[in-house]
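Some structures to go through are shown next.
One chain, chain A, links the two complexes that follow: it is found with chain B in the first and with chain C in the second.
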Partner chain A sequence: MGNIKQKDLILYSGLIILGLAAPYLFSAFKVQLTYLCVLIVLAMTWNLQGGEMGYNSFGNILFYGLGMYLTASVQVGMFFPLAEWTESGGEKTFVHTTAQYFQGIGVGLLVAAIIPTIVAGAIGYAILGLRGHYFAICTLGLGIAAGEIAGGIEIIGAGQGFTTPPFPAEIVDPEARGQFFYFLSFFVLVVAFVFVKYIYGSRFRLILNAIRDNEDKAEAMGIQTMKYKIVGWMCSAFFCGLAGGIMGGLIGYIDSTDVAFDGREMGVFMVLMAILGGKGTLWGPIIGATLFHFFKEGLWTFILGWQYVALGVLIVVIVVYFPEGLMGWLREKYPERFGEVIDEKDRKAQVELK
Partner chain B sequence: MNKLVKLFTIFISAITLTLASISSSFAKVEGEYIVLGSAISLTGKYSSNGVHTQNGYNMAVERINKMGGVKVGGKSYKFEIIYYDDESNPKRAAQLAERLIKQDGVHYMLGPYSSGLTKAIAPVTEKYKIPMVEANGASRSLFTKGYKYLFAVLSPANQYLEVAIDLAVEKNGGKPVKIAQAFEQDAFSQDVRLGILDAAKRTGSTIIIDDKLPKELNDMAATLAKVKAVKPDVLVVSGHTKGALTAIRQISEMKVDVPMLAMTHCDAAKLSKQHGKKSEYALCASQWHKNLSYKDKFFGSGKKYDKDFKKEFGYAPPYQSAESSAALLVFKDAFERANSFDRDKVRDALKTTEMQTFYGNIKFGPGGQNVAKPMILFQVRCKGDVCENKVVAPTKWASDKFYHPIPKWSERS
Partner chain C sequence: MDFLIFKAPMLMVQASLDGILLGILFALIAYGMALQWGVMNIINIAQGDLVILGGYIAYTMYLAGIHPAWGVIVAPIIMYFVGVLLYKLVINKVVDRDLFISILATFGIAIVFQQLMNFVFGADVVVAQSEYGTTMLFDNSVTLPNSKIFSAFISVLYAVALVVYMKKSRLGRAIRATAQNARAAKILGVDTEKVYAATFGINAALCGIAGALISITLTLHPYVGLPYTVRSFMIVIVAGLGNLPAVAISGMGLGLFEEFADYILGTEFRIGAVFMLLVFILVYRRFKLSKKREYLK
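This part shows the complex of A and B:
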């Protein structure tokens, strides 16, 4: 990491200061900002295997939902009997003390990061042999199946849903909850960014790219592609689990198919955001997620009832006009700004050929 | 890289400016308007019931505003509602509740449609101490959480079909019955299921089929095939509007003979209109029926409400609309008794609510549920090709006798 340029340093410290100041500057928007952080984490880590490795997964929602249920379950189960908490749709209420709440969520998030990673490893071993759209369809099934299964497990509330522990009542400041979740998600965002940035400078990324560009050749070059594919997916799962855990606590109510294994929304959004910004780039998913979130929050309320039509139009526009995403589009328009040198003569020759 | 940094700086500052320029909070009472907020399902799987709810709210707002509004401190105010579409998604609902409170400055909330969504919103309103009167969140677990700012004008979900089981036992000569049941996997339907489990235990009845149906359900053939094979005394189905429609469609297609069919959401699904004679004899739980003898000065009687609603929206009001309208009457009453816009005073006034509306008596129990109003059962009955919902229980309002058992399909014309 010693190769950060001075310009970058200014940019990063600026962003971090903005991130830390944001909940105070835009106090009313804390929850939306928390969502933004989570969305960026999801898009950025989806990009690891979707953009860099070329394995379009619709199954990352599995890890997100798993993380959500795990965090909440651990948070409750550490101090109270979980089965009683969720029985009959959560009629009984136990009250967490402040210390219990934070201990619970801490341990819960840890579990929410580790278990999905292990699950990703196990599932990856089984299905990463599939390629292209076979892999995409298979992962699509994962999320849906998980939702249906979770909806049948009584101990996590089944179809009734799971109310996560309320924020401790001893903290009277109504802003505290929002701030806590914002900083938590911002922290995860920073960690995820540093991690992804590190990967971008490593040999690992080159291997992932090699797999994307031509897996058979990569294999022929002596790369154990399976191993790297699994590790790549596990990296995504780690952060998806964390993101899910945070969201569960923030939303306060987990429903099996609508909140946790929400493939229809979150599962598609994370792919969409990465593609909108430009997959296979460091900043693409971040810009994509930010724009998407603004589009959604800003526009959707003005077109009550028509927002999904607008989303459809957005998808069409992205696919038709920005197939490479915004970053890809910018790169094509201003290649020199991305440090690419263009041979003018060659370019002209190509144009003339057309 | 240099230019890229610049690009980002521009991008970030643009975002900052946009955020900063959006004025946050315009206040709970604006001029002569009392602003209420509500996240409603206008799209997604609950959209039809979401619209029933919204129509109910709108109808009451219009009526109250026209009839002098809300008098607080000697001044007359009008209601206004800010709606957002929660897309039938609890995650979105919780986020929108936050948005209504923090950004739109709403101090009083109306509930969303469905228990699951209310479960997601209640922690938010509770945190900010925002009184919420809700009309469509019936799950029993909403009322055991110790929420102080949640008030529901409806009876809890577990009471929906309990009576139906009692009725079945009665018709069986007091002997226990065999129950087949299928419920959608969502908070409300699962709560109805709990009610049936209780009733089965109480009456010693056995449950021989206990199926879970997926959300957005449009096929329950597997359950019905089992029902055909094991011949239960009563079949119970609950799964919002789609559940009711699917059940009737497939029962008639598969010619499933069962002596008693108990359901929810028959009126919201407009069963008697959409399926006509196929839906005859279905027994339905309802929070309200137009023939009930309650009255108030805004809507008159249930029958008048029915007529006015039909004129305005072109269809007969399901109970979802009626209870939603009632929620606003409750708010109006509470504001006037509190004679203040102080949230806690309004909340205290809500707590001591005791009133009659066209929809029924309203009095809140310690958990916030309405304890003054019983559930009713109606049965779809047809005369020629015209089908209607006739109240059969409780006996006080029964206009028709409960028809039992349902004739076999081979005997039905």
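This part shows the complex of A and C:
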């Protein structure tokens, strides 16, 4: 990373300062900002295997929900009996001390990052052998099956849900909870960005792109595609698990199908955000997620009740009329900004051919 | 194993009969899916929601005092036009595109349908009473609602009618020709655009029939469409495109699997089991195919 240009340096430091100052500047919107960070992380890491690798997964929600349940379970299970907690609103009988709460969420997030990564690695060989739409449908099935199964397991609350430990009452500052979750998610966002940025400059990305463009030829060139596909999916799973863990703590309540394995919302959002911004670009998912979040928050309150109709229409419109996304559209319009040189003669010849 | 179902053989008979009758219904939906997948190369995630919409048409008739069984005639007619409209609005723009685009676009349609049905019909689980009574078999130990027998009979009737129609009629021939080679069909004067619209309409009509039958045999709820999509997808993968006997058999197999999963795992895992079966089938298929995979063509 030694050759960061002057312009980039200003951009990045500006963004980091903005990110650090945001909870103080817009202190009423801390929860929304936390959501935004999580959405960006999800879109960016979905893009790693959806946009770069060409494996469009609907099932990354599996890792997100898994991370959410794992964080909460570890946070409770480290200090109190988990079954009693979920059975009868344990948060009233058992109270986490401040130290226990933070210890719990720390270890919980660690577990929430590692276990989904391992799960992705374990099922990767079987699932990633599927191509194209079979992969999409299979992962869709996985995500929904996980939600249905989690809704039947007693120890994590089954259908009635799981209340995550409340923020320690000893911290009286009312701002503290929002700030804690915001900085946590912002930290994850920065880590995810640095990671994705690193991947964008590496050979790994070229291999992923080769897999996307023509997997058989990539294989013929001597690339062990399966290995790279699994690693690519594991990268996504790692950050999805972390994001899920943070969201579980922030929302404070886990329901199997409406919060954790929420294929109808989060699972679609991450795909949509990446497509809106432009698949296969570094900034696309970030811009897409930000736009989508503003749009959603504006829309959701004004057309209460009709939000899912609007969401569905939005999906259709984006996918049918705008499949290249914002970055793809810009690229079409201003190719020289993206470092692409157009051969005028060649272009004219192409037009004449048509 | 001490599952109840293995102790009582009559429960086995009950589950098998239920499963087979249910499976015939699934096969009807799957046939529609195979039709439009084969002809237009589109995977329609909104398939299940079309089914539920058909069911609600029958339910509305039931509320209006008409016997819901007439829904098997009215629902397909309305659904045909819904299907054609849907094709004109969205589907015709995704026909030649990447399959992922069609999956995502129909996913969006599914969300819209679910929510609109939620507004119009409410979020309650409803059922249209057919009042056909039940048949008792084997000394009253197996109960079979007559509505299930009726629905299986109607499904078979419609499936046979459709097969004959596809074989004999002009439109049927045009649809089959387009499925084989859209370009050649176009050259020989088939208006493929019309054929696509008709195919999607017929698919929606089949969904309408299945939905009307579901409204009297099972229950309706705005959000239960996706399991029907997944079931039909599974049946089509196992049976292959355009192989009707195989579709019927694998539909019945799926029905049997579900009824037994219901008894063995418990009702709360029923839908979960369906989705897990989907994953297992796809993974099994992947390993089977990878044995004879050709690398570069």
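A few points about this structure:
Throughout what follows, the second predicted complex is superposed on the first by the 347 of 354 C-alpha atoms of A that agree within 3 Å, B and C clash if a C-alpha of one lies under 4 Å from a C-alpha of the other, contacts with A are read in each partner's own complex, and residues count from 1 in each chain.
Please note the rule applied: contacts are C-beta pairs under 8 Å (C-beta built on N, C-alpha and C of every residue); 3 or more make two chains touch, one makes a residue touch a chain.
Only a predicted model underlies this, so the values are computations on that prediction, with no experimental measurement involved.
When the two complexes are overlaid on their common chain A, residue A:148 makes contact with chain B and with chain C alike. When the two complexes are overlaid on their common chain A, residue A:323 makes contact with chain C while staying clear of chain B.
In the superposed model, A:35 makes contact with chain B only, not with chain C.
Of the two partner chains placed by superposition, only chain C is touched by A:138; chain B is not.
After overlaying the two complexes on the shared chain, residue contacts for A:308 are found with chain B and with chain C alike. Once the two complexes are overlaid on the shared chain, A:127 sits against chain C while remaining clear of chain B. Within the superposed three-chain arrangement, the count of touched residues of chain A is higher for B, of the candidates chain B and chain C. Within chain A, the residues touched by chain B in the first complex and by chain C in the second are 148, 151-152, 158-159, 305, 308. On the chain C side of its complex with chain A, the touching residues are 43, 90, 93-94, 97, 99-101, 103-105, 107-116, 119, 226, 230, 233, 237, 266, 268-269, 271-272, 275-276, 278-279, 282-283, 285-287, 290, 295-297. Here chain A touches chain B in the complex through residues 5, 7-8, 10-11, 14-15, 18, 25-32, 35, 88-93, 148, 151-152, 158-161, 163, 166-167, 174, 177-178, 247, 250-253, 255-259, 262, 265, 283, 287, 290, 294, 300-301, 304-305, 307-308, 330, 334, 337-339, going by the rule given at the top. Across the complex, chain A is touched by residues 1-5, 7-9, 11-12, 15-16, 18-20, 24-25, 42-43, 83-85, 87-91, 94-95, 98-99, 102-103, 116, 119-120, 123-124, 126-129, 139-141, 144-146, 183-187, 189-191, 194, 212, 214-215 of chain B. Taken together, the chain A residues at the contact with chain C in this complex read 56, 126-127, 129-130, 132-134, 136-138, 140-142, 144-145, 148-149, 151-152, 158-159, 216-217, 219-220, 264, 268, 271, 275, 305-306, 308-309, 311-316, 319-321, 323.
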